[in-house]
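Next, two complexes with chain A in common: one pairs it with chain B, the other with chain C.
And then the complex of A and B:
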């Protein structure tokens, strides 16, 4: 039981951290509240299913193929639907909602509302302190942590990472320093969608696919991003594990847990906001005019 | 008799000089008359039902615009007011057997309380923070609804409410009348001194506060007023469907309200109403391709936004009307001189 909670909490937390960091990047650099972010996570999961079931390629190869396809799709959507209306905040907002709905309905049309699945990459289980933990869960956890470290390296130690961080901090000054803000925004969108696609690949053997699977991670991700402080990478990371473990605890310990996992996580978010309106790691800016 | 004639003539002059000079005002007049006269031409229950639901959602979208458009408090959880009012009306109607004319206003009071509950913690938040936090409230309430199936009916909701009125035409006039009256009321509020303060809060809250305006009070008031009107529509919805279910609290409901309003054009009250009256029947019309219905709907919204990011109605309005550069009065697009100050229009 306890080990179940720990493993599930770690996996949930890592998955949410990947999603929340991707969301934060776009939010910070391009000032887009991207509701469709988790829809791309679903897209990648469905592409993997498609590759595995219809093209009969091995799951690992399907995952490697789904990643660039999803990123390309995301970039196209950004270029054609979001970028032309970027100055109109409200329009961007519903454009991303509409985009998510388009993706959901497209998959609903092609695959129907059936629950689908992809077999695990590795079978069998490990015994840890006498509790069965499948290798697939451990693999997912390992990959998620590796990607998280990779993202941190990318943001902290590469030139583009530096550009993304500085643009997120102050768009105008970054522009004045000679950064091509438009190109940086493109990079941020690509990295963000890429992270969503990788997350989709990580969870695809663990969850059932249905066209509404983007909704729950979306809500969790939004809660994490607000909890950790908008645009703060550390905040997203810490917030993700808080929410991930909360979800695991609620599901395993409370009766009706699966109904209550969203409400409990969101209540924690609201309580934190009441005490600290800028989130756990958010920076208090001068009130923007 | 003579007195009546004089008054009628006066009214006629006002209509001619104030309404018939602008195509947008003529459109509003035509819309109101058409809405009120529709049952004379068709009594088809399907058509009436669609227009009834459209009216209910038009009121909801207008109340969202009042809060998020005029006051700038971006609300992603508008379904909360709707759902709270629907459940309150349902509970009062079934358990205390209060008839609809009592349960709907009381449900709206529930909406006001919900507005306070959301508004107070959200006073310190702004922009994206506010939007994402408000999204949380209906989801929390939905969890509570599922967790207490004995009280709330769980997944099935509370059904078997009494009818709004005896007949479908009666329902039609009640909802249509409510929608027109309350939207007009909201439009009047946004046009008043209070409305200007709300406008100022959206544009620059800091400047507004430094001008000696208690922005906290006005923001809370906006939450309450919006909650009230959304609550009315929630109560009407519960009595029309004779059901208050968890679907009223869904994230999708909140998102749809935003889509309707932004599509029609924010910060105008009439924009969201027009948005609902275009999109909701269109969604019904698309039933002939049931699988692709939502896909086509979402795609149309996306494409419309690409060409008119300000929303449909402001875009059309800018095409057919122009603003006088001197006195800011609106004029028909084909005029060369302002109808008020005679300045040359460009």
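And then the complex of A and C:
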């Protein structure tokens, strides 16, 4: 059972980490609480479904095509909906909620509430120490870890990464030092939406597509970033695995209460906040940045 | 002269009123509100079933009430009950107060239908349920007849009978495992989404499985909208269960079947999986839903003489097979027949006819019991068991059950990996 928990926790945690890091990145750099983040994850998943079902292109190619299209859509949304009100945090929050609802309703209008699916890229399962894990789950885990390493490399070893980190550290000082914070924010948005789109591509063969599929990951992602510390990338990474493992633990230890996996994860977040209000890796309060 | 002018003006106005009141004197349609979550398959089933019935009745001139043939007009009542129960109550209020519907059919989620039922009852509108299974919807009729007598349930059979049927199907699978695969001591994993309608089924499963000579390997209660149940499936496999008993009405049925097939869990699945009743299930699971078995209402088998013509016409008209919410087809016909017999659309008069009706419908012979619930059993409505077999949703039950085998029914098949587990 311990192995089951480890394998399932790793998979859950990696998918959550991809979403939460993208969210934290844009929050740290551009101070945008992007509630529509998981709506872009859903958009990517639907684009893949459309490519596979209506254009008859293979799922892998559909995934590769969906990524740039989703990022482009995200950048357009940023430019026209978010950027004009970027300095008003409450307005941005409300605007991104509205944006997510628009995306949801658009998919509901086109596809209805039907549950749709995309076949796995690889079929079958592997036996890892006696635990059955589908190849698709392992692929998702591998890609998620590779992307996480890639994001770390990008942030730590490139000029743009450095600029993003500096802006996240102190936007005003970065601006005074002559950095084009608007361009950096644009980059951060592109990377963030890109991560959401990749997550969508990773999970689309594993989950059921429906126009409300963005809601649950949004709640979990918010829990993770609050748990890890608002705007902290390391915190999001650690928080994602805590929540991922908690979910797996609940299912295996409380089978009758497996529907409680989300409330339990959220309760852990609340408990951490009661003990450490700034989260695991966060600065004390936003105002003190 | 002025008086004559005034008289002429009044006469002209009178003629105009008479002239323009022509359409108002035309035959008034019977308005039936079709309530359901219209953006979802269940609501589409409600609407499509009712539409087909109304179309057929109107083509024949309408419903003969009090010497006049009145057409049926359907009102779409989008309850959005999957997302919001207040939306469902608002839609019902709107249908009754603004659209002045004469009758109501439909409803899906028991939690929402219980509230929708109250609104219909308070307005003395007959509401034929075609989707919600909770027994309370009908026990209310016996407990407070004067208030709830306007409620009837047509599909599905109530969750107590649903439980009974799935236990019979479970018993059939268990017997096959004992006889065909030589398994002696059977244990059953119960996996049921966390929802109100499921509580009596889970309680009954825990109570009756030991009486049926089977152990309960464990009970798992995922969220109705869980996207990934590999952890639950892993735990079920660890429990070494021989059979998996499912009870799903929501989207969780798809990832369950998909991941069950992907992981080749070596235990046959029997029970309820509403998603597996739909044509889109095969595509949604990428074909991994093979061998998924579920309780069902419709399949291309001859339950009555009406079943196959209805099934084919529905498929031709809407491009998909009917699911149990399409029972609105029978509900609209029942209302039409009852109104014709009562000679009025007055709710109290129609209730009296419906209470005594014995009608051959597409899902069996409909007779309502004292609680206004559809009667279950051989010779009435039995429900079906269907199984996905190589891309086709085949009827597998009743099969030689109390002398009932509907024409077109085939035997249950076990997945090769289930057979492999026992035939080493």
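Just so it is clear, the second predicted complex is superposed on the first by the 275 of 289 C-alpha atoms of A that agree within 3 Å, B and C clash if a C-alpha of one lies under 4 Å from a C-alpha of the other, contacts with A are read in each partner's own complex, and residues count from 1 in each chain.
In the analysis below, contacts are C-beta pairs under 8 Å (C-beta built on N, C-alpha and C of every residue); 3 or more make two chains touch, one makes a residue touch a chain.
This is a predicted model, so every value here is computed, not measured.
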First (chain B), second (chain C), both or neither touched by A:60: neither
Contacts of A:173 with chain B and chain C, given as first, second, both or neither: neither
Which of chain B and chain C A:259 touches, first, second, both or neither: both
Chain B versus chain C as contact partner of A:273, first or second or both or neither: first
Chain B versus chain C as contact partner of A:131, first or second or both or neither: second
Which superposed partner A:162 touches (first chain B, second chain C, both, neither): neither
Chain A residues contacted in one complex by chain B, in the other by chain C: 108, 256, 259, 262
Residues on chain A engaged by chain C in the complex (per definition of touch): 1, 4, 8, 11-12, 108, 112-120, 123-125, 131-134, 136-137, 203, 205-208, 210, 212-213, 216, 247-248, 251-252, 255-259, 261-262
Partner chain A, residues of chain C touching it in the complex: 37, 39-41, 44, 82-83, 193-194, 218-223, 225-228, 230-232, 234-235, 237-238, 251, 254-255, 258-259, 262-265, 275, 280, 283-287
Residues on chain B engaged by chain A in the complex (per definition of touch): 121, 124-125, 128-129, 131-133, 135-137, 139-144, 146-147, 204-207, 251, 255, 258-259, 262-263, 266, 291-292, 294-295, 297-299, 301-302, 305-306, 309-311
Residues of chain A that touch chain B when the two form their complex: 27, 33, 35, 80-81, 84-85, 87-88, 90-91, 93-95, 97-99, 101-102, 104-106, 108-109, 215, 219, 222-223, 225-226, 230, 256, 259-260, 262-264, 266-267, 269-270, 273-274, 277-279, 287, 289
